[in-house]
Every structure is written in structure tokens, then in C-alpha cells.
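Both complexes shown next keep chain A, but they swap its partner, so chain B is in the first and chain C is in the second.
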Partner chain A sequence: MNLPTLAFLAAILAYPVIYAGYLSVHKVGLAQLRRGEFPFTGWENYGRVLEDPLFWVAIKNTLIFTAITVVSEVVIAVAIALLINQAGVWTSRVTRFLILLPYAIPPICNGLIWSFMYSFQFGFLNRLLFSAGVIDQPINWAGNPDTALYAVTVPYIWRTLPFAIILVHAALQGIPRELYEQAAIDGANAWHRFRQITLPMLQQIIAIILILRTAFAFAVFEEILAITQGGPGDATWVAAWYSYKISFSPPNNFGMGAASAFILALMIAAIALVYLRAVYRRVTL
Partner chain B sequence: MTDDLIKRALRRRTVLGGAASLGLMGPMDAFGQAGGPWSQPPKSKVDRLNFVVWTYGDIYARISKQFEADWGVKIDSTISSFNDHPTKLATMYAAGEKIDVSQSSPFSFPNFVAQGLVEPLDDLPGAKDYANDFTPFTKQVAMVNGKLMGLPYFATAWVWNYYSDMLEKLKIDKPFTTYEEFIEHCVKAKKDGVSRYPVLWVAGVGLEQLPGTWYQMTWNRGGTFFDKQGNHMLGPGSVARETLKWWANTFEKGLDIADPESLKVQFTTSAKAFGAGKNLYRGPNHHYGLNVANDPAQSPIAGKVKVMGSPGNGKTIADAHVYFLCTANRNKEWAWKLLQYLGGKTKDGQYTQAIGLAKDAMLGSGYQSVMQSDVIKTGWAPWGDVPEILKIWDKSAYIAEVCSSIYQPWHFPWTDQLNIEVQKCLTGQISADVCCDNLIKGIADAKRKV
Partner chain C sequence: MFKLSRPAKLALHVANLVVIAVILLPLAAVLLGSVQSEKALHADTRRVLPLEVTADNFVVILTQGAQKGRIFDQATYLPDNIKRFYRAFANSLIVAASVTALTLLFGALSAYTIARLRYRWTLFLLQANIVSRFVPAIVLMIPLYIVIRSLGQLNTLGGVIIAETGFLLPYAILILAPYFDAIPSELEEAARIDGCTRFRAFFHIVLPLATPALAACGVIMFIVSWHELLIPLILNARPDFMTLPVVIASLVGDLFVFFNLMMAICLLALLPTVVLVMLLQRYIVEGLAAGAVKG
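Take a look at the complex of A and B:
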């Protein structure tokens, strides 16, 4: 029974990773891909990536992006899930549909929508803030190096938040009501009930969300492509954008692109291990 | 094609045919010679052909239909956006797919040639005649190491635009003729409350957008980015560096006269944004933006966007994009036939595609005979002052004269850095000196990435 599963996983998951590893130690351009002959280069591609200052800028931006989006998602998801889990709060089907809707939007479309919203002179966001009297001059959200990276986190959080809400909401429904009733009898207020009952019971699911969302946020690409294309300057160059540009812009250095992607994969794996050791195992023991 | 044009072409064809038989004319003309190699059917047979191109209106649907009607061969097309095209082509090529014809910007072309995607055309029937009709800068793109590697898609020259009503409102008689006047006009427009951001630059990330704007202004002031030996010309006191200092000063941290959207817009989007009527000047960039800014369907200020040349002696830059026969073709004879439909002559001996692009999209042609024909004069007239544009055209040099690294494989990674560093400079994060110093260092880094 295990063998077919292993074979399937190897074909679907392991093969691309191993192939990327293989490409990363070879010279791979268009001509080599066409001919199927890849001269071995050893660690040369890794050396080139690691000594490229732009790669480190991309890693720094990726870490900032990941930290902001993952923390925001967890906090907002818990808040919304708690709200819609309240017995006294009635949510219509339309509301539930709207909460889930962003997750159904293709990432590139999401990026384009927000690109229009962020437009400096003609964007909806500036118009809204201007009409509400919040601003008196338009703000260059995606075109200012000080705000651009934060600007792209918002569409990303908006799109991926429903995933976290669903998981947290499902976990909340699994918490026995009796625990809250007993706590109320003992005089615990809402905050204490949340601290002593809800949060501990949510730790496992939060750990899972942290692992998954961190892995996905590390690989953010579509919103960057649609909204800023890495700019202004290098303000929004992230790791996946770096790999893409190295691989798919002439001179199409797929070997170096694969090396950068492989380094990124190793970083994600390392962070996942840290999460597993520091968070997940602790909460499951 | 309109009936009127066909009638005119037929009349010219009759005259030209007679003249040619008398030995009075050379072989090339924009209009009709039905008896050339373009009208001969290939000896081999194919069921279908394909091309991989970037999108532009419905030109590819139309030309495919015509090819199918003329030769009975179906055309499959793979069409992506301009920015995605190199990626699409690269992945198809790498995956071993058949590609008969594709296209390239002048920046990608040397790379495609170096990587073996491009088939030389010299020995193909009629190829030399096409090359003889190329404009000078089309030759610089399409001829690589003395070999003919492509046929022209379109050509363009960098021009300035201004919004005439706004100039009138400012009580300024004529647009600027020096960079000092340019600053004066913009500062006045801002001070008088006529325009918050008087100039819209094309400074979005790209190969010819932000870099092209810097190249053009550097060239216009008498500078280049590299000398004939390939040494950089970005050092202290260089024209390129001083131009960048001047340019950066128009942004927020300086005079604050540049529209912040400048850093995002590409050619067409900048023309659309300019059409909103909020800026006084736009430029310098591709001439055909006028067909957006002066199109009543797309621009509230249509008809009021005027074209003008650059300060001083008016020197500007130009480039040409090309179609090429891919080495991954399924049948060279037929692929050549298809290539001619896109970048050369159709069965009837006309430059159908080049003529259509001039009339529909205000694009210039890589063929001298088309550029000198009435097609340009009448075709461009609805959108701009044609004699003025052609005057600017005559003062243009191929973009590689300014930045010769476009022939090098490291030009792409270096341009990535150029986009980053210059945007950082324009947004006040680094000075022009630091920017240029970083770009000088970046040349070696870019070479290592290749």
C-alpha cells in the first residue's frame, strides 16, 4: 500500500525538486535545453547567486514580506473566525460567500485589481481616502520605495486570508462548549476565556497555518508581477521574482535560476523544521 | 486594406511594371510586384505553420486569414503580451516545440541569435532585395555579423509630446527649445496651478522605457553610454551622469515637477495617462503614442496633443523590432513564406503588414520604400503632424549608437540593474553619482551572470 503512495509522491513532488537540483549544478541556457546536453559546472551557479547583492536584497524583502503577511493573516483570521463563530452573530450565506471569495480569485487577477486600486492619480483607494477627508494629496502606494513592499502585502493578505479563516473556524467549532460554560461559572471573563481556553486549543492549527503560509509567502510572485514588477528600484524584488528574472529573461540562465530557487527551497525547509521543533511538536506533545 | 488603397496600388503597380520592364526602376517599391519570389509557391508541402508573437490588435488574425486564403495552409498562433513574449518563446523553444516564425525586440535579438534560435535568411529567395530596402537603423538590428537574420516588424523614433491647450493657458507661445526652457515651463505650470505634475516621463521598468528615456536625453546632449571600444562612459562628469542628475532633479526630492506615475508607465499606458490632460509635457518616447493620446475614443484631449523634437540640434534615437525565422521551424521554405507575410511582402507583392500597421497603429516601417510612400503621409495624419515627425525621424540614430551593450548577452542583467538603480535615484534613495558608480560595477557583475 505504501509503495504506490511513495512512487506517486516521488513523481509529483520529489522529481521536480531533484531536477531543479540537477539543473542548478549545470550550465543550462536555451540552447542546452533544446539539445538536452548540460555541461556540469559544479557549485558555480550557487556561487554566482550567493555573491549577487540583488539576491540578498530579494531575500531581505522576502523575509519582511513573509513576516508581515503571516503574522497579519494569523491575527486577522483568528479575529474573524471568532466573530463568525459567536452564537449571537448571524452570518448570511452571502456574508460567508464574500468571506471566501478572495481565495477563489486567481492571484494574477488579484494583483491587477489592486494595481488599479493603487493607481496614483486615478486609483480607487486614493479617491476613497480623499473623499473621506483622510488625505488631501494622493499617495503613491506602489510607486514609493518606502511604501511599495507594504502595499503588496495587502492584496496578498486579502487573497489568502480565507484559507486561514476556514482552518481557524473549523478548529473553533471543535472546542467543547462545556469548557466555556465551566469557565463562565468560575467567573472568567471573555479575555480570560480566550487566553486560557481558545488560544491553547487553537495552537495546533495556528502552527499548521504558520508553516503553510510561511512556505507560500516565501514564494510570492503574482502580486509582485502585476503590481510592481520588483520596483520601484529594488524595493519589491523578492526571491521568486529573482529566480524568474534570472531564468526567463535573456540570456536565460536556467542553471542559476534553479540554484536560486533551490536555495529558497532550502530556506523554506529550514524554517519549516524550526516551526516543527519550536511550535508544532511543543503543542502536540 | 481599403478599396482605395488597392486601387492606388494597382495603378502604381501598372506604372511600376512598365518602368521595370524598361529597366528604369530598381527592384524595390512599397507597392505591388506580383512576379517576385514572394508569389512563387514552395515545392514542399505542409499542413500547418505557426508563429509566436506578442499581441497587437487583430493584425495576426488578419494576416493569418490572408495567408490561408492565398496558400491553403492553416496558421496556428501563440500570442502573449510584449513583456511575456521572450519567456513564452524561450520555454516553447526549450521544450522542443515547433516554432516557424517569431519576433523580437532589438534588445532580445542578439541573445536569440547567440542562443541559436534564429535562422540566417541570406540564401532565401528575395531576401537580399528586402535587405536593400531596409532603413539604415533596421539594417543595424536585422543584420548580425554581416548576415541577414530578420525582417522588420516596425520602427519608431523618440519624440516629445505637449498638450497645446495647457501651453496656451500658460500664455507660452511655443514649446521648449532648450532644457532650461523646459524647466521654466514646468515650474510655471506648477506655480500657476495649471498642472500639479507638468511632466510625465516614461520611466517604468523595461528595456526601452526607463532606459530609453535616459539614453535619448544623453544622446541628445551629445553623450553615449559606451565608446566605440566598449568602455563605459558613465564616469564623473560624463554626459550620461550629468543627464541623470538633471533628470532626477525633476522628481519629488528636487523640483517636484515629474508625475509620480512616471515610474510605472510603459509606452501605451503613458499615452493613455497623458490623455487625461493633467500634464503639460510627455516624453521623450516612441512616436506612435500619438495614436492613443489623439484618439477621441481613448483620450479626452484628442487633437490637442502635439509632437515636437528634442532641444538643441534635435538629435534623437530610434529602433526597429524584427520578425525572424526560427531554427525550430518545421519547413524552412514555408516558414520563409510565412515570415514574409509578417515582415515582408504578401503574394501580391505588397508590404501588406507594414502598410496596415502604418495606417492602423501609426507604426513606422523598416523599409525605406514604405517610409517614403504616401501610406505614411496619409496613414499617420489623423494623429499627428507627419512632416514634423519625419523631420525628427531624419535626426535619429539607432539606439545601439548610444548604448552599444545591447549587442552583448550581459545587456539584459545589466539593464535589470539599470532599472533598479535609476529608479532608486529618481526616488531620491541614492544620488546620481552613486547610481552611475553602481552601474559601472554592475557591468562586471552582469558579465558573470551570463
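Take a look at the complex of A and C:
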């Protein structure tokens, strides 16, 4: 019964990953692809990647992007989950109904929508701020090298937040009411109840969100493609964008692309192991 | 559970309104952008609401460039990919539906064995799936591109379907396994005592009981596949086989395409999954939670 799964895992996941490792130590360009021979080059691709200043810029940007998105997601997700958990407040029920909407938006559309929001000349955000009288000069949100990286975190957080909110909300509903009632009798105020009961009970789910979102944010691609294409300059080059550009735009250095992707994969694999340890340690399901 | 004071309630209302506004803001942008002309967007760059509302952006996309409408009257250039909207929409539908069916079928078989049989190798299979979920698409793209290129299969829908199925199968298994674990095994044991094979017990007893699980997993698979960009982008360069996200990505960097047209095609691309999410919310919420935390 597991044959199809094993076949797919082998063909689409295991084999390509191993093959990527193989390519990363060979010289693979368009000329080599045409001839079908990849000369062995040892660690040369890795050397060239590691010597490339752009790669280090990409790694730095990826780390900043990941840190900002993951931390804000956890904080905002806990806040919004508490908010929509207020069943007695009717606006909370409306929020709860709408909360999943960003999950429905294709990432590439999300990127384009925000590139319209951010546009210097025609952008929706500037229009809103003009109408509200907040600004009198347009703001170049994503076109300014100092703010571009922060600007692209917002659409990513917007799109991926529902996932985190749903997990926290599900965990909230699993906390026994009696705990809160007992604490209230003991005279604990709302803040104390949150610190002493809610946060400890959310610890595991927060760990899960941290790990999953870190791994996925490391590989952010669509929003970068749609909003900044790595620019302005190298301000928003991230790791996945680096591998993509090195491989699929001239001079198509697939070997270097594979090497850089492999470095990214190793970083994510480390995170995956932590996840496996933390969540499925005793795998009884 | 606790009585809220009036100011507290007011604060919560305000917080909710802020959250709702932030959720709806990008959707307002796509909607308002898609019903204007380029001229109107140029004319007043400080105006939120459109000067005049027009459906021409949608008309030009839905008639594949045959009817240009007033706002494209003088346009000499339309991106070719926009003229293939139906083809792309159909491709996306075929890919997403096939990937959903295949991941459900294979995923259910594997998730069931993981939930029922407690051997060392099923444990290993589960762990392999968890690790696989973390493999970033960009790592697979380069070898997949080279392999599929050498097979001469670069431009086929089949290639995309196979690649996406393999890519999503681990996630499907992780979503389904906790559900199967929660189905009591007494029923199938009774059936097996009566001479039913494990296979038949699975298809006739377990699967019908697991309908909510299949719905939850299926809708998530459909959405993720509908959204997938990188796999079809790299495997399909020929317009006839592009999926909708690839067509939309091809507009990026096209100097002659303006926001009004982009927002219109984005709106058309996001509508199917928005409808799905609004209709099947309960299943998606359950499925997302099941796929991230052990049951």
C-alpha cells in the first residue's frame, strides 16, 4: 500500500536532493547540458558561492527577513487568537469568519497586489495616506534600499499569518476553563492569568510555529519575485532568489545554483531535525 | 467566560476593526485597481476611489483580447499570455484537481498504514515524511529541471502533476495520519474476522468513515496546488502549458502592463480559492491544525 508513496518520495524528493548534491560538485552550464557531460569539479562551486559577496548579502537578508517575519507572526498570532477567542464580542466573530482569507490568496497574486499597494507613483497605500492627510509627499516603500527588505516582510506576514493564528486558536480552546476559574477565585487579574496559564499552555504550539515558519521563511520566493525582484540593488536578494537567478538566468550556472540551494537546504534541515525532536519525539501520533 | 467591562469591550471592538481593516486592505486594493483604467490611475495619483468604474480589464482578459473595450482602444500592445487566459485557467484546474486526487489516494493509503501498523519501518516512513515537508522547492527545481529536460518532458502538464504530487504527498500524509489514528479499529477488525482483506476493509469501512479527513486534506491540497508557482514556472516554459500563477508571474517586469490589468487577472486567479476557503473553512481549519501537530 505504500509503494506509490515510496515511489514518489524517491523520484521527486530523495533522488533530486541527491542529484542536486551531485550537480553541486560538477560543472553544469548550458553548454554542458547540451553535451550531456558534467565534468567533476570538486568543491569549486561551493568555493565560488562562498566567495560571492552577493551570496552573503542574500544570506544576511534571509536571516533578517526570517527573524522579522517569524517573531512578528508569533506575537501577532497570539494576540489575534486571543481576540477571536472572545465569543461574547460580536466583532470577534466577524474577525474569526474573515481570518482565513489571506490563506486563499495565491502567493504570486499577493506579491503583485502589494506591489500595487507599495507603488511609488500609483500605489494604493500612498493614496490612502494622501486622502487621510497623513503625508504630502509619496513614500517609496519598496523602492528605497533602506526600507525595501522591511517592506517585503509585511505581505509575507499578511499571507502566512492565518496558519499561525489557527494553530494558536486551536491550542487556546484546549485549555481547561477550570484553570481560569480557579485563578480568578484566587484573585489573579487578566495579565496574571495570561502569564501563568495561557502562555505556558501555548508553549508547545509556539515552538511548532517558530520552527515551521522559520523553515518556510528561509525559502521565501514569490513575494520577492513580484515586488522587488531582489532590488533595489541587492537590498532584497534572499537565498532562494539567489539560487533561482544563478541557475535560470544567463549564464545559467546550474552547478553553483545547486551548491547554493544545497547550503540553504542544510540550514533548513537543521531546523527540521529540531522540529522532529521537539514535536514528534515519541512518535505515537 | 469572564464578564467584560464596558471599556474592555470597546477596546476589543476597536482591535477587531483594526484586524478586519488589515485583512481587507489588500483585497480592497485589488478590487479598486481592477475596475479602473490606466488613464484614471495616472490622472489622480492621490485618489483612493476610482474616477469611473469600468469592466474593460475583465472584458479584455475574458475575451482573450478579442474585445478591447474603450480603455484599451489605443493600446497597441497586449501581453500574449493574457490572451491565453482560459488555457491557463484550465491548466491550473487540471493540475490542481489531479494533484488533489493523487495525493488523497496515495496519502490515504500511507497514512492508514502509519496509523495502524506500528513497526519500525512505518515510524521511519512517518519521519521521512516530516523531513520531506521541509525540503525547499528551490533545491528540487534545479535537478528536476535537468532530469525532465533530458527526458524531453519539459513542457507537459503530466510532468507538473507528478512533480507537485511528490512534493505535496508528505504534507497530505501528515494531515491524514492523525485522523486515521482517531478512527476506532474495532470495525475493520470485525470485518477482517468475517474474511475481509485489509485492502477491502480499508476501502469499504475506513475510507467512508474518513470523509471529513479527506475533505480537509483535499481542499488544502487543491489550494496549495492552485497557488504553486515555482514548479510549473521552471518545468513549463511554453505558453500552452502555463498555469495561471506562471502567466501572472510572466507579467512581472513587463514594462507595458499596468496595475489595472494585473489586478484584474489577480482577482480572477484568487476567486476560486477564496470561494473554497469561505465555503469549507471548518475543514481547512481542522486540516491545518492536524497537519502541524500530532493528533
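For this structure, a couple of remarks:
Heads up, the rule we're going with is that the second predicted complex is superposed on the first by the 241 of 285 C-alpha atoms of A that agree within 3 Å, B and C clash if a C-alpha of one lies under 4 Å from a C-alpha of the other, contacts with A are read in each partner's own complex, and residues count from 1 in each chain.
Definition applied: a residue touches a chain if its C-beta (ideal position, glycine included) is under 8 Å from a C-beta of that chain, and two chains touch if they have at least 3 such contacts.
These numbers were taken from a predicted model, which means no experiment stands behind them.
Once the two complexes are overlaid on the shared chain, A:258 sits against chain C while remaining clear of chain B.
Using the contact criterion defined above for the overlaid structures, shared-chain residue A:249 touches chain B, although it does not reach chain C. Once chain A of one complex is fitted onto chain A of the other, the partner contacts of A:232 are limited to chain B, with no touch recorded for chain C. With both structures placed on the common chain, the touch criterion links A:185 to neither chain B nor chain C.
Contact with chain B, but none with chain C, is seen for A:29 once the two complexes are overlaid on the shared chain. Of the two partner chains placed around the shared chain by superposition, chain B is the only one that A:144 touches, whereas chain C remains out of contact.
Of the two partner chains, chain B is the only one touched by A:54; chain C is not.
Touching more residues of chain A than its counterpart among chain B and chain C is C.
By the touch criterion defined above, A:122 reaches both chain B and chain C.
Common to the chain B-facing and chain C-facing surfaces of chain A are residues 33, 119, 121-122, 229, 248, 254.
Those residues of chain A that touch chain C in the complex are listed here as 1-2, 4-6, 8-9, 11-13, 15-17, 19-20, 23, 28, 33, 36, 80, 83, 86, 88-89, 91-92, 94-95, 97-114, 116-117, 119, 121-122, 124, 126-128, 130-131, 138, 155, 158, 163, 166-167, 170, 177, 180-181, 184, 190, 204-205, 208, 212, 215, 218-219, 221-222, 225-226, 229, 240, 243-244, 247-248, 254, 257-258, 261-262, 264-265, 268-269, 271-273, 275-276, 279-280, 283-285.
The residues of chain C lying in touch with chain A in their complex are 1-2, 4, 9, 12-13, 15-17, 19-20, 22-30, 32-33, 41-42, 45-48, 105-107, 109-110, 112-115, 123, 125-147, 149-150, 162-163, 165-167, 169-170, 173, 177-178, 181, 199, 202, 223, 226-227, 229-230, 234, 244-245, 248-249, 251-253, 259, 262-263, 266, 269-270, 273-274, 276-278, 281, 284-285, 288-289, 292-295.
Contact residues of chain B toward chain A in the complex are 86-87, 90-91, 93-96, 107-108, 111-112, 114-117, 204-205, 259-261, 263-264, 273, 276, 278, 328, 409-410, 412-413, 416-417, 419-421, 423-424, 426-427, 429, 445, 448-450. Taken in their complex, chain A has these residues touching chain B: 29-31, 33-34, 48, 52-54, 119-122, 140, 142-145, 229-234, 237, 245-246, 248-254, 256.
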